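One structure coming up, written as structure tokens, with questions to follow.
Letters A, B, C and D mark the chains in the order given here, with residues in each chain numbered from 1 onward.
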Amino acid sequence: MSWNTFGRVLRMTTWGESHGPALGAVVDGCPPGLSLAETDIQPFLDARKPGQNKFTTQRQEADLVRILSGTFAGEDGGSRTTGTPISLMIENTDQRSKDYSEIAQTYRPGHADYAYDAKYGLRDYRGGGRSSARETAARVAAGAVARLVIPEVSILAYVAEIGGDAIDPAQFDAAEIGNNPFWCPDAAAAMRWEALVDDARKAGSSLGAVVECVATGVPAGWGAPIYAKLDADLAAAMMGINAVKGVEIGDGFGAARLTGEQNADPMRAGAEGPQFAANHAGGIAGGISTGQPVVCRVAFKPTSSILTPVDSITRGGENTQVRTKGRHDPCVGIRGTPVVEAMMALVLADHKLLHRAQCG
Amino acid sequence: MSWNTFGRVLRMTTWGESHGPALGAVVDGCPPGLSLAETDIQPFLDARKPGQNKFTTQRQEADLVRILSGTFAGEDGGSRTTGTPISLMIENTDQRSKDYSEIAQTYRPGHADYAYDAKYGLRDYRGGGRSSARETAARVAAGAVARLVIPEVSILAYVAEIGGDAIDPAQFDAAEIGNNPFWCPDAAAAMRWEALVDDARKAGSSLGAVVECVATGVPAGWGAPIYAKLDADLAAAMMGINAVKGVEIGDGFGAARLTGEQNADPMRAGAEGPQFAANHAGGIAGGISTGQPVVCRVAFKPTSSILTPVDSITRGGENTQVRTKGRHDPCVGIRGTPVVEAMMALVLADHKLLHRAQCG
Amino acid sequence: MSWNTFGRVLRMTTWGESHGPALGAVVDGCPPGLSLAETDIQPFLDARKPGQNKFTTQRQEADLVRILSGTFAGEDGGSRTTGTPISLMIENTDQRSKDYSEIAQTYRPGHADYAYDAKYGLRDYRGGGRSSARETAARVAAGAVARLVIPEVSILAYVAEIGGDAIDPAQFDAAEIGNNPFWCPDAAAAMRWEALVDDARKAGSSLGAVVECVATGVPAGWGAPIYAKLDADLAAAMMGINAVKGVEIGDGFGAARLTGEQNADPMRAGAEGPQFAANHAGGIAGGISTGQPVVCRVAFKPTSSILTPVDSITRGGENTQVRTKGRHDPCVGIRGTPVVEAMMALVLADHKLLHRAQCG
Amino acid sequence: MSWNTFGRVLRMTTWGESHGPALGAVVDGCPPGLSLAETDIQPFLDARKPGQNKFTTQRQEADLVRILSGTFAGEDGGSRTTGTPISLMIENTDQRSKDYSEIAQTYRPGHADYAYDAKYGLRDYRGGGRSSARETAARVAAGAVARLVIPEVSILAYVAEIGGDAIDPAQFDAAEIGNNPFWCPDAAAAMRWEALVDDARKAGSSLGAVVECVATGVPAGWGAPIYAKLDADLAAAMMGINAVKGVEIGDGFGAARLTGEQNADPMRAGAEGPQFAANHAGGIAGGISTGQPVVCRVAFKPTSSILTPVDSITRGGENTQVRTKGRHDPCVGIRGTPVVEAMMALVLADHKLLHRAQCG
């Protein structure tokens, strides 16, 4: 069945279609008394929103969020969470009027069109409906609330690779991330990607990407064995983002090529808990945080919407070909970066509360 | 908090420690009327059980499963599921008596020792307690029940890579998988691994591995957007297995290096639904199965238990070093293979029932 | 923590405060392809809405529902559910501007004011905030969707008792229920209640009520032992309605005064399953429906808002007295009747899908 | 589907049939570090166990509990919870060998026989299988663990009424409860019941009962609006006990017959929070505890197993009659009393942890 709620005790339920009147998220279980206003959420939506440069879809959406419930101006006049569900709504404003008859009758390869029809027997085909990456706006809004639950944690995501061209870790500079349209921490790579992505865009092609996300400040002890492990929940959170096909924690697949000696994360006594000489584990052991940075890597496939005709079939079962004209992201991983951050925040905030429930 | 239940409508709750009297799983939500006896489960436990050759830990466990509830010999005398919870119990028999004082006071790097202590303030240190891979016996038992729920599906997992040495896909032969102690479908690779793993074993070292799992026969339409996507649930299922650090669906990280044209899975009209010219997507689009084989890859890190001393600390916060003597798997990915199959079965069976709930 | 989601596979998540901009429900897990438009929901909201006569609060709310997601006009032009979350929103229009300083600082006895403050440390005191019965509008809207999932079932609720004055079962006439402002199936009782409730209203007093609800057409087999029994889920559903203090299934507390012989529900063979000579059990045995009408009774306390001063305390811990002026229901059970129906629909629809998941 | 897990963050999953080899409960989410051994659980099972006097079934069960996981003898040698799942097992020893052919083919009216068959298509008919009250032994064992989570709370349940004969509240003496086989706090009533129940027993008849349960020491603030209200969760917990048909919180149905003035619970300032002049609300307002005693009343129907023949049908749809010979409780409410206490403990412990998760 449909299952549009994420989280265990801090939970978001999202709703909305790409071309419906609005989309939104209901965030339930948020601790009371946190300072929360729309201005705490809007910057994250602005970071994700489309149409900001030529490297993302040209759809224009203001993506203005409204808080419809769950906050109250207390005695000091400041808007605070009350502990009741926080309803966030974003109106869709640029559902460009167009003829949907082709997409209504044809399955776009790589998209969810056929799968939705096979499951539900009908689908809202306008812009991909519920399967559109537009849904991730609701996640970003909810993620902004989750961040307030974990002020001790800093979350940073960035694009580490586009089209197989990776950053040089030696050139990593967090300050660069906001200086280019790619969330790229390596200035030289950003320059290369400019040409790479622009070429793909002009050719009506698309590129995949790898996004890395690092959360620092996570204390040891978050995570819930056996089936709510912190890494397992992160894996689900990331794999559930549109276009994601792979998730790694720490060294990930690289660890499968190491020996036990190479993969060890030696510990030394430190003033505030252990000091680790390495972080192959990505900050998680046995599903529980170790106090090291929590590190994950997320693989985004290239957008399936391309100008080159691809063989496909119609709803009626006839052979056809599909070319995708119109507004699309040449590299969806770029705009996925704020979504990765949001999912990291939601998982960590949930696990903070889970840990508190059991262990006080 | 602790969260030892997996699944949404077909659920298993597992319990038990490495060196406690027993471990088990309660499988709830199983359809009634399925033929189920201990002999349906035992072969899968036998495939996973330790001590079968020199490439796995020498712990000797019979791993005999007992069904304590949820089945009944009906009118025809055959044991059938009744729809009530199926309690499966496996007694531990080889909890070798030994001195645990060292492990009690020292954190083994790469293991969950420190994380458990940080979370709970105490831990059952005997053999890793709850964080031991011994818990996966319960998953394998539950997975055998899940298989009965999805007779239309065939699940096959195999080791595709050990210590960076991969199989040759051109030499893939499913019939080879049972012919060697590595679940290896490539006879030549199996011969190479024999030396590779044996060298690691003699050196007290360990190796990582990549396991692939393919499920054929999954009809189009299973999966539950947005936050119970089939691939997201698979990612959680696999990442939650002990020692797993990465999960890919279809081309996974490889897809991030493809163009949209390369990554396309073209469709042609077929007699029984669409025919796909490729399966980069691994059988899942928009979180819903497409009717193609469901394919995932799972990265296992090398076992953290090695003979080489590694820097560590004691519970009291003193520097020390840890060498792991005793019985251990030189490559835990090998014995992880039946566990991967079990988790695939549990996810698919759950989603079959979920789909039926909503879509009839 | 806050837990604003109801249901297991067909789930509603509600949000909103009495005096916020809007309230709503997200209905997830609804089967696809059902014909659903706002006109399918509005009549139920109209039945519940305030200000319709002098026996209910004089707050004026249009209670117009908007469907923001989850439906789509298919090929035949009719609006149908797509299987994705259905977001329902009702704007608040009559949050009468007033001075809240008194209620902000004083705990109204019998209301949730003190409990919310004790839990959360702050509360939205305007009209009771989240604890207001206004939230039940969202349930009624969601319940209207649930009804579409169970077309085989007819649900009828009515007021059986007000202020201790009960209907005469011998005078039960379902056609009378809509003929009076009390949902009363006994014309003579309705006439008596007119005076009874009006007297209470004029005196600034309030009265309790008992609501009965009967669902016919429920097939045998719905319900999920052991901890998701149909009667247990109904009990939770009803007890969670504002002002409810008791729930009975079938004979309820009366059954505690019967002997086994008196309480028996004898069966005879019938053309379509068993015929029952009585229904003391209220249609449920072992938590599973038997095919008889599902019957429950729900006790509503008198509204706590009364004109008579009651001892209370301030937020600061000073003694005070509270008199409740303003708009209130003299008998909240009356307007609770459509809410009882809605909760019955939600529970039954959920269990229909649950049953289908496990038993096909 | 089957749903054999109870609770939200402190959860028990129970399994087992009346005449299977064993039954049990897995308690998950328990805080670590609590002192727990079998001796903490056994007294509660002893209180519930059958065959202790002529007023309960003569089935003889030792009901010895074993802890199979989740505890560990720490450094001080004391057995403590580790935060991992606690597996509790009770072996069935008196599954008296008998001929089940009659019960296999006939539906006992008032029992779940027909409903289970209608749902599942088959059933374990030996002693009622999963629908037997024997399952409640697992709840009592799990409830004993839950009590350790809430040491600040005292829970007391007692029988307030049998066969319509109620205790005199003026004669309430908690010390009397253990002095008679009826958990009766009124010595005079206990004497009357002796004759009443014995007469029913000799006649092969049965009687209903009302059990009251009071929890003192519950702080203000536990409970989770809107759909996890403390009273709603209690209602589900109690209604789900075998043979229960009604649940009241505080004045319950009596409140429906009061005016707002009569039902008020006035507050006065006290040294440690408010003092209440009455407790009509049963310690819960808006679904959240107020700091007053939490009070509920539970109606048990008379046991359906009686000697008088009752009309029924066979599996094959033929008319027949059923007389229940053999071992049965003449008043199942008596042995239900420890079960009511256990469910109260489970709900309160769960809500303590839930509250801690959200509100710290």
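The working rule: contacts are C-beta pairs under 8 Å (C-beta built on N, C-alpha and C of every residue); 3 or more make two chains touch, one makes a residue touch a chain.
Everything quoted here is computed from the prediction, not taken from an experiment.
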item: Chain located farthest away, centre of chain D as origin (C-alpha); value: A
item: Of C-D and B-C, whichever chain pair has more C-beta contact pairs; value: C-D
item: Centre-of-Cα separation between chain C and chain B, whole angstrom; value: 45
item: Chain centre separation (chain A, chain C; CA means) in Å; value: 38
item: For chain C paired with chain D, centre-to-centre distance based on mean C-alpha positions, whole Å; value: 27
item: Sequence positions of chain C contacting 2 or more other chains; value: 1-5, 9, 14, 29-30, 32, 83-84, 119-121, 130, 225, 353-354, 357-359
item: Footprint of chain D on chain C - complex, ascending; value: 1-6, 8, 14, 107, 109-112, 114-116, 118-121, 130-131, 135, 161, 163-164, 200, 205-210, 219-229, 231-240, 242, 245-253, 255-269, 273-274, 277, 280-282, 284-291, 299-306, 308, 310-313, 317-319, 333, 354-355, 357-359
item: For the chain B and chain C complex, residues of the former touching the latter; value: 9, 29-32, 83-84, 225, 353-354, 356-360
item: Residues of chain A that touch chain C when the two form their complex; value: 1-5, 9-11, 13-17, 20-24, 26, 28-30, 32-33, 66, 68-70, 72, 74, 80, 82-87, 119-124, 129-130, 353, 357
